[in-house]
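Shown below is the structure under consideration.
Chains here go by letter, A, B, C, D, E and F, matching the order in which they are written, and residues are numbered from 1 within each.
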Amino acid sequence: MFDLGVVYRNIQRADGDTATRLGALGSATVHEAMGRVGLLKPYMRPIYSGAQVGGTAVTVLLQPGDNWMLHVAAEQIQPGDVVVAAVTTDSTDGFFGDLLATSFKARGARALIIDGGVRDVRVLAEMNFPVWSKAISSKGTVKATLGSVNVPVVCAGALVTPGDVVVADDDGVVVVPAALAPTVLETALAREANETAKRAKLASGVLGLDMYNMREPLRQAGLRYID
Amino acid sequence: MFDLGVVYRNIQRADGDTATRLGALGSATVHEAMGRVGLLKPYMRPIYSGAQVGGTAVTVLLQPGDNWMLHVAAEQIQPGDVVVAAVTTDSTDGFFGDLLATSFKARGARALIIDGGVRDVRVLAEMNFPVWSKAISSKGTVKATLGSVNVPVVCAGALVTPGDVVVADDDGVVVVPAALAPTVLETALAREANETAKRAKLASGVLGLDMYNMREPLRQAGLRYID
Amino acid sequence: MFDLGVVYRNIQRADGDTATRLGALGSATVHEAMGRVGLLKPYMRPIYSGAQVGGTAVTVLLQPGDNWMLHVAAEQIQPGDVVVAAVTTDSTDGFFGDLLATSFKARGARALIIDGGVRDVRVLAEMNFPVWSKAISSKGTVKATLGSVNVPVVCAGALVTPGDVVVADDDGVVVVPAALAPTVLETALAREANETAKRAKLASGVLGLDMYNMREPLRQAGLRYID
Amino acid sequence: MFDLGVVYRNIQRADGDTATRLGALGSATVHEAMGRVGLLKPYMRPIYSGAQVGGTAVTVLLQPGDNWMLHVAAEQIQPGDVVVAAVTTDSTDGFFGDLLATSFKARGARALIIDGGVRDVRVLAEMNFPVWSKAISSKGTVKATLGSVNVPVVCAGALVTPGDVVVADDDGVVVVPAALAPTVLETALAREANETAKRAKLASGVLGLDMYNMREPLRQAGLRYID
Amino acid sequence: MFDLGVVYRNIQRADGDTATRLGALGSATVHEAMGRVGLLKPYMRPIYSGAQVGGTAVTVLLQPGDNWMLHVAAEQIQPGDVVVAAVTTDSTDGFFGDLLATSFKARGARALIIDGGVRDVRVLAEMNFPVWSKAISSKGTVKATLGSVNVPVVCAGALVTPGDVVVADDDGVVVVPAALAPTVLETALAREANETAKRAKLASGVLGLDMYNMREPLRQAGLRYID
Amino acid sequence: MFDLGVVYRNIQRADGDTATRLGALGSATVHEAMGRVGLLKPYMRPIYSGAQVGGTAVTVLLQPGDNWMLHVAAEQIQPGDVVVAAVTTDSTDGFFGDLLATSFKARGARALIIDGGVRDVRVLAEMNFPVWSKAISSKGTVKATLGSVNVPVVCAGALVTPGDVVVADDDGVVVVPAALAPTVLETALAREANETAKRAKLASGVLGLDMYNMREPLRQAGLRYID
């Protein structure tokens, strides 16, 4: 009835270079450039710190306690992709480990974003294959029930369409619809450029109150100072 | 950049009669007929028990601690609608109370589904205006920042497109894409018809093991009985 | 060192009549009249629905898994009081049951607000003794370690000073500092009066957009309508 | 390797009359008589209030998102049993609904205790078949992977061995090992008898401080009264 | 009505040297010296490990999804201060990032304690500006609604009055009322001195049972050894 | 009544060498070899990354906010043991710190697994004494109420019997019943050997779909590819 048991082989990926450049800007800057939408819930955390990626989404819909579709997804990965896995129900099971990571890496995947659990995290760190997940768990899974690959999924509260740009770093994970990627990149670059000057001013002791001209709006909103 | 600050006035609603009939079947039956997808997370609970509705979705995207867009949404409600409200971040604030409920009801809304908090719950029960929410909270909200009305939203982990059918009862809330509503209704009705006979058999003492012919598959899967 | 092992016998209670009248207005109205502060976290829920109280706070600081100080607090209760119990660490144990409720009721207490667990909830409902708590649990407690009575406590995220007004209903629990109680009552009554007229207007089909003159501010904030 | 894929047909049930009488005493009294152990975590809540049962445990170990073994368990139910279902991982899926309840009831089961989700809750209430669960959810399950029946399970943090007495009411769920059931019953009855006299005293205004002779131990522990 | 929209410019800070010395002792030792009170809830975690600070509190009350008052607070910071930010409702939004950190650091702040989210955590670590927070999140905030600066706040369950000493390290965050700081320091130093000798004894194989003379009290409490 | 206030001095430990070798295989491999059971809930996390241990369980049952029995347990530790501590109710208090760790280490303990909180985590890391816990917290505990040592306990959802093998690493904690340890070791070693070859194949670009012969079962389950 619904899109279960389906693999879409031809998806429209956002431009790879745009994805890479958005990745370099980081999730906070990109999220602001999006107008403060598109963020996955903050329970999604990297399994090791310091990783920062941008890539195009290959999506997977998993069934609880079942990682069959991750094997199906591996074949659909192209270099520069980030795999985004949702589960049809809340689960912290360890759907993904070092064997699948070896395969994903061999296919050119840059990262996994999974609204579930992951295991073999020490080996994954040694392999330098970053994962953002809801949990870390040794709990293994079966291969018994179909999900789908490359259908739109809701992952950690955000809609991800195959081919979207995914940006992830220590601050979290943000999704940029493929059609908006060029404009978001432009806005984000402008924002970034703007921040360097601000940082220098603030470091010199200038207050945000003055730099952003907040004193008058605060007064009008009714702020009172009491000595 | 993204769809913030926008109100779509013309949305394609699913057929109202189909929505009503899906509502009468209940969320569990409809969810099964969908192939076990489309369910909002189970933290969404009715503020009083016994309510059961089916209607067409008017969607709202709220900012945290801000209920401005619920007032904007009221104008877009047509009789038979169910308002579905998402928030750009996790929030349990009381975005909705008896005044807004009075307005929604006057416009013909059947229910509110909100991924946030609600208040005046005793009055809402007396008014017979059902709400499914994440929380109950007296916490009031401001009217300062724009969201949107009738854009696709992710509410409690499920994608809701304006005009979709929403079915809610004591078991939870399920969303049926407008295009699939007729087929889902047909499947659900068949399933329902099927259940009455099964119930009678089970009540008479027939085991599911025999009624569903599970003994052989269980044996093949390796089930052992030990006396 | 800190205020542990101490019982303050003389506390300055807010006016009892003011407390009762604030109780009748309910937590949402009082919380708004306070400027949207003073609310306990929404995980505090009544053990049965429909109760609504206002009273003056007798405070208790409990140790985890230990209800000794509730017995000490009973002696400090005066008619019209509401006992507010905090715990020095997160706990869901059942600190309070029907025996203590019998004693509290005999002393004139109107309710218990406890950032922990409670048990015998069916009997408490039969006794008509309302409790707002974080949990319901059969888990019993010991009587081994001192806490305090009538010291300022943080209960479910809100500061409660002995003698403060506590208002609780199905929407939650709000605390009004004793010194502010008369002014908050005045503001809340004005707000309440105002709402009746609004409710009638909204019921007649007038939109909040027009009744609150929101159209122009929304336009200025950039809201766009798309047909 | 471990006890998966196994059904034990002959279990040693605690005496049925003892189980029934423990049920009548309630979870709080029984838990105290046990020395304050044996309690399931307080997130286990009844799907409707007012139910109170005692029975002998038939245990089930389920796989996530899979209710196959509940059908297997139905055949092992004898009149007076309470089915206790654990899951090998955290899950809120709706493993159980009105069809299984019809079957369980036909076999003589008194209740279901499940560390997972349940659905059709309105029908279950109408059937008067009580369930204590972690969640309510429309989410359906598959029948694909084996668990076990009548092996020791950990349900909501408590070890339950087949044949143990299970007592459940609005306060929670407690497990009494079969071998201890007679002694626990005796202790619980003594405790119960004792409480009636205490309740009358407290209702007359006697303080627990005096009735339990707490003043001297409190003084020795260092309690100070400040006027 | 309540203290919203207010900035107190003159606060009574605890002695800076005392604050620094308490910081060096660490949160566990200081918490014990306080009599086991004053601790923020353990969900408050450092964004990088190894930081340890003591300082005087500048407090901020924020509105959900709004970081306006952090800019107002920056002006009130003096060298040696620790900023403590509470929010009027639960929020995980990223209220604070590298720009504000640059400003806070330029003013002499030693750390931020925030009952909400923070972002740019990699840059913050590089800047060596420690933050203890409830969450890490890219989610940006607006500047639309007033809160307050230097009013008493409840942060993560603890009351913090402006000028109090705040001690934070890998174990958590503890607050010492300014008036108690000298006595707490004395007690903590005595405790610390005491621990070195104990550690040596335990390392040599002496049991706590003997070092603390626990055998007799355990026997009196009824402990039984079974071979 | 139940096993409270009891210390079992003679427990049957699993073979130490087997425990050590299981530890070297890691929790994910051992959990798989167990048939995917025996895992503690994934909220149990190491206080520092990189530790990996296998040892024999000495169990402790603690009361909330009370660490008395950890001192009692210290005497029962033998070289190669791992202490497993459960609490009779949910608690995040800091039951364990550097002094107890010094004592445990002097006795030969390899690690602590505790379904509660721990403190002095920086010192514990410097001492190289690994702990897996539910929380980190400065909150101290008292020594007032008896629990037990070396009774079967439920720790983080898993039954642990004294003498069982406990395996813990960055992925989590798994328990192997002493009687099964040799067979589990054998199965785990076979699995491990098998993985090396698989890893090489996957790294060379072979897909799991082909290596595991999944294409036909997927086709039979109904998987459709759409171009």
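In this section, a residue touches a chain if its C-beta (ideal position, glycine included) is under 8 Å from a C-beta of that chain, and two chains touch if they have at least 3 such contacts.
None of these values were measured; they are calculated from a predicted model.
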Where subunit C and subunit E overlap in contact partners, by chain label: B, F
Separation of subunit F from subunit A in steps, with touching chains one step apart: 1
Same-interface partner of E-F, chosen from the options A-B, A-F or C-E, over half of the pairs matching: A-F
Subunit B and subunit E: spacing of chain centres that average the CA atoms, whole Å: 42
Where subunit D and subunit F are represented by their mean Cα positions, the distance between them in whole Å: 27
Distance from subunit C to subunit B - Cα centre to Cα centre, in angstrom: 31
Multi-partner residues of subunit F (each touching 2 or more other chains): 36, 39, 88-90, 92, 139, 145
Arrangement of touching chains [line / ring / star / complete / other]: other
Contacting chain pairs - touch in the sense defined above: A-B, A-D, A-E, A-F, B-C, B-D, B-E, C-D, C-E, C-F, D-F, E-F
Touching residues (chain side subunit C, partner subunit D) in the complex: 5-10, 68, 71-72, 74-75, 92, 94, 97-100, 102-103, 105-107, 117, 119-122, 135-140, 143, 145-146
Complex contacts: residues of subunit D adjacent to subunit A: 63-66, 88-93, 139, 142, 144-145
Complex contacts: residues of subunit A adjacent to subunit E: 27-28, 31-32, 36, 39, 42, 45, 49-50, 169-172, 174, 195, 198-199, 202-205, 207-209, 212, 214, 218, 221-227
Subunit D residues within the subunit F interface of the complex: 1-2, 4, 33-39, 41, 88-90, 152, 154, 157-159, 180, 183-184, 187
